[in-house]
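I've put the structures underneath this note.
Next come two complexes, and both contain chain A; in the first it sits with chain B, in the second with chain C.
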Partner chain A sequence: MRPVPSIYAGTTNAIAVLVLLTEFAMLRTALLRSQVRLYAVQSLLVSALAVVVAAVRDVPELYALAALSLALKVVVVPWLVLRLLRDADAEIAGSGTLSVASEVLVALLVGGLGFFAVDQLHVSSRVLPTTALGLAVAVVGVSFVLMIVRSDVVSQAVGFFSLENGVSLASLVVAAGLPLILEVAFLFDLLVAVVVFGFLMRVHHSRTATLSTAALTRLRG
Partner chain B sequence: MSGMPVAAVQALQPLTVLVAAPGVSGFIATAEARMQGRRGPRVLQPYYDLAKLFRKESLAPVGASAVFLAAPVLAMVCYLTVPLLIPVLTSYGLPLGYMGDILGGGIILSLASFAVAVGAAETGSPYAQLGSSRSKTFAAITEPVMLFVVFAVALVTGTDLPYAMAATVRSGADQILRPSHLLAAAALFLVILYETGRIPVEAHRSTNEFGMIEEARSFEYSGPYFALLTWGSAMKQLILYTILINVFLAPWGLSSTRDASDVVLAVVLLVAKALVIGLVVAVIDNSFAKLRLFKITEFVAAAFLLAVLAVFTLYLGGG
Partner chain C sequence: MGDLLIVLAVLPFAAVVLSAVAPPAVGRACTVASGVVSLGCAIALVPSAAHGGLKVGFLRLDALAGVFVLAAAFVYAVTSVYAVGYLREDEGEEGFTRYARRFHAGLNLFAWSMMCACLVDGLALLWIGVEITTVVSALLVAIDATEDASEAAWKYVLLASVGLGIALLGTIVMYYAGSTVFGGAYDLSITKLLQAGGRLPHTPVRLAFVLAVVGFGTKAGLVPMHTWLPDAHAEAPTPVSAMLSGSLLAVSFYAVLRYFQVARAAVGPVFPQRVLLAFGVASLLLAALYVLDQHDVKRLLAYSSVEHMGILAVAVGFGAPLASAGALLHVLAHAAAKSNAFMGAGVLARTYRTKEISRIRGAMERLPVSAPLFLVAVFALAALPPFGIFRSEFQIVAGGLGSTRGGWAAVLVALVTLAFLGLATAATRMVVVPSGRPRLRSLGAAAIPVREPSWWMITPVLVGLAALVLLGVHPPADLTALLGRGAAELGGGGR
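Entry: the complex of A and B
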């Protein structure tokens, strides 16, 4: 028998698990549009977790962080990417090198590796249970798998953005009291990434008339 | 303790499932039809169907051996045995309830479906054989999901008795909110959708043979034998719903005494809870499309993911 986590720990863990599940859903989904929507849902979950932590563990700075990430990651970034997608008139993500079922199994292995690696670190946190940290590392691992197996620019961009969600989740566990200015700097880093990826998508689409990266393997003179 | 004799309560468990199962199927069919704007069959229609089938003659294909005729009976016996092992009406373990654990119940359920598959393979009908081959192929990939659900239960309770899991869930909100419990319950629900032949996997009562998995196996049966098979699959559905409800989702309202009033209340509540699950299943049936046969592995991979994550979160920090 294992010790039963408290209601607070159970709730936060359940939200963190949902963050990981949305990451897996991004890996499975075939439509670019729904991938971006899933990213918005994932960001919403991370913001909700920040609010729960702020309310229960009394870390008022997290309210500001939650509000900022809600505005940026749930509204602005998905809106920008969806707008870019509308211009590109591509609907379906480049099919990966693996079938969906194998993708999920590989991602499960990678996620599990991250999960158990964290267990060996013996990190303990004041505000969140360690399980959430393991889940955050799993999110990072799965988002790497998403970027590696999918061969289109949008999946890779969304994979990169959701990697940031994983890092935010981890920072909630390890350093919830991190000075707000640093967290905000992280968020603006994300904005830079959005601009760069948006630019990349535009340029790639205008040159190859597709969002798939498969066209890049050909040598061009 | 006063009230009904233990044996009577024990006998009531399979009897409840036996009597209520066609009604639950009928309710789902009616609810589904209403959602599509159709009138649909009566809720009691499956009972009339069974009564009619039991009066009809039955034929066996030429060359089919006794196995063909024994299969529906064996399946029915299995479906009558499983309710003895799981908490259908009582929150305390009945004497025969400790004959087998969750794995024991799982083996008996698989034995029933194996018997039906062998019976179908006895016939010369290509569709029946297709169904039995498909159902065994996909059973092999849903089995790991069930195993991981059982592992999660075993890690939570230290045993794999369904009564122990139900008692753990009842013990407090902290047990319900832990992610391992939520994930294991969700994985079990997906497996139940597969096992009962519901929408993402198979269109229930459809007439398209190429999409059939479980349904195709009863093609060559007629009369009382066909009645036993349909009744059996309705019972399997209610048994699986009972496991989901009384072990994972809502193990409240079970009788904790042997008083006749408590036991009757437990019967009513069980049926009511099963109808709620049935309503959810009807909504799913109406809102998703059937998956292509080769996409079923993706559906099962999702269930597997949930079940494995349940075990992972348990290992780290007692999730």
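Entry: the complex of A and C
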């Protein structure tokens, strides 16, 4: 008989599953505003997972990391993007060629592939069950689907930010001991990237008076 | 020598601060001074890099880093001089002061980030360095604020950031592999990872290597992750295009090589070489075909960059010391040749006010100095002797034929010849074919005045050609030692 998982394993896996579910919800929702809010929720879940790991596995650096990621990814980034949305006066995400149902099916396939492929790697972690790694890779896969099927700058940027959440989740599993200074540098880099994304979104909006990327077809060949 | 290393890591940043606040004339002077002094420092550091290397704090210079820093510093120096002439033509226009400040600050920051990415010790810091190059260069691509530039910048920032997201995943997996040997608290130092060698677990190292090749390869322009590259190179201002192509791609490839070193030490040469060979051949094939049928002169050069990154990947994939030394020489020669070609193309595009190859005709008549220089630069880029790229490709092919992958060396020769055909035909048409035909006159070509650009824009091309002849005919002894040592580091001989 398989051993019953501990409360810790159950809790962490549940949070990791919720992270993946928010990614699917982002794919599902049509409102740009909800997409950004879901990103904030997802970031909150990743921060919460960091706190759980810090408390149970005694990795105090993770508290600092969780606080930073909370401030940055739950507050600053969504605030910046929502402000842009207010200025741009756009609400509906640009839909691509696929219907929502097909998008979700494709995402299920990609996510499933990621989840089960990780099993073959036989990675063992000291701090978190390996299931979370599979879920992290699934989040990365689904974020790719999100960026590919949506045709507006906000969805694509949020897709990239949530990809980073997937990588953060993976780093909690396999790299929880990574020196804090490096983690902080990674987060700082994200902030810089967000500012640049925001700037380019504004440039795009001021040039084309839309957030859609459907018209970005002048450069080819 | 440690002082020079610090100067190299600090000086361009000081130039960023000064050029961001000072009047354009001061910013211009700072940029040129910083570029030239950085090149001087990089050259002075060659002997140290070739014979043992240096380490100061978190900065580390070995032969491999030495080669890429030299390439980045060279492109920085020539483009900083070229930029003086480039910006002078816009002087007096509305908003010029603001534009020039941004431009100079961005150019210095871009150069600083590229040199730092090569000089830092550790895969995590390397990732951070490459990420900074992305955000800075994306802003520089968008600096002209045209519709095309904002489209190119958006595609670039999104694709490159996603690529770097994948590379970050690779970094984390590599950290995991290292932590099984060193425990949790280590900083992904390259020296340590190379020392661990075969003790690293194989599967995670393989995974990390592939993720790094895909991730950093996106920025290096390897096919099929190259789609941002022609757009960004074509729409950026010419000095930025020269830096993107001459040094940014090389710096990203440097990151791939660092992972190659670790993977080679951990799992043996066969797997990493195969991966590079596959991406390299795909890049060569696609780029050679695109070069044959290009309508835009800057996109033509951009696809040629994809081809050259393919050559580098294939060369390292051969695994022969001669080919690896050839690859490192190729990095230097490509930096000089490609920045030259972009600078020449920039002059043509400005004179004719178009980048369309079919509308640029009879350049020899209108630009009696810079048009022949452009033609020679393109021939140098297409690997004609006596220039450096001929020598490096000759070494690569000779190394490849001597290795177990001789068949791929034959493929390399065929594809490089194809690309040569495309480049040489397009450049000859633009420069030599006269514009006297009625159809072209109707396009306005005949109305273009005879006006050479300032010497600020011609001198860097002459310097580049001189460097290419030097690399092709008789590379200095210290440089040869540097390349040999670098090849040994890639082949597992160096620590």
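Everything below uses one rule, namely that the second predicted complex is superposed on the first by the 214 of 221 C-alpha atoms of A that agree within 3 Å, B and C clash if a C-alpha of one lies under 4 Å from a C-alpha of the other, contacts with A are read in each partner's own complex, and residues count from 1 in each chain.
By our rule, a residue touches a chain if its C-beta (ideal position, glycine included) is under 8 Å from a C-beta of that chain, and two chains touch if they have at least 3 such contacts.
Everything numeric here is computed off the predicted structure, so don't read it as measured data.
K.L.:
Sticking to the clash and touch definitions up top, decide whether chain B and chain C on chain A clash or fit.
P.N.:
Overlaying the two structures gives chain B and chain C room side by side.
K.L.:
Which holds for A:101: it touches chain B only (first), chain C only (second), both, or neither?
P.N.:
Only chain B is touched by A:101; chain C is not.
K.L.:
How many degrees, to the nearest 10, separate the directions from chain A's C-alpha centre towards those of chain B and chain C?
P.N.:
150
K.L.:
Who does A:20 touch here: chain B (first), chain C (second), both, or neither?
P.N.:
In the superposition, A:20 touches chain B alone.
K.L.:
I'd like to know which partner A:79 touches here: chain B for first, chain C for second, both or neither.
P.N.:
Neither partner.
K.L.:
With both complexes superposed on chain A, which partner does A:160 reach: first (chain B), second (chain C), both or neither?
P.N.:
second
K.L.:
So in the superposed three-chain picture, is A:200 touching just chain B, just chain C, both, or none of them (first/second/both/neither)?
P.N.:
Only chain C; A:200 stays clear of chain B.
K.L.:
Nearest CA pair across chain B and chain C in the overlay: distance in Å?
P.N.:
Least C-alpha distance: 18 Å.
K.L.:
For chain A, what residues appear in both contact lists, the one with chain B and the one with chain C?
P.N.:
In the superposed arrangement, which is not itself an observed complex, chain A uses no residue for both chain B and chain C.
K.L.:
Spell out the residues on chain A that touch chain C in their complex, using ranges where they run on.
P.N.:
121-123, 126, 140, 144, 147, 153, 156-157, 160, 163-164, 167, 170-171, 174-179, 182, 185-186, 189, 192-193, 196-197, 199-200, 203-204, 207-208, 213, 216, 218-219, 221
K.L.:
Under the touch definition given earlier, write down the residues of chain A that touch chain B in their complex.
P.N.:
1-7, 9-11, 13-14, 16-17, 20-21, 24, 28, 99-101, 104-105, 108, 111-112, 115-116, 118-119, 129-131, 134-135
K.L.:
Which of the residues in chain B come into contact with chain A in the complex?
P.N.:
Answer in residue numbers: 155-158, 172-175, 177-179, 182-183, 297-298, 300-302, 304-306, 308-309, 312-319.
K.L.:
In the complex of these two chains, what residues of chain C are touching chain A?
P.N.:
Touching chain A from chain C are residues 124-125, 128, 131-132, 134-135, 138-139, 142, 145-148, 150-155, 157-158, 161-162, 165, 168-169, 172-173, 175-176, 179, 183-185, 187-188, 203-204, 207, 230-231, 234-235, 290, 294-296, 299.
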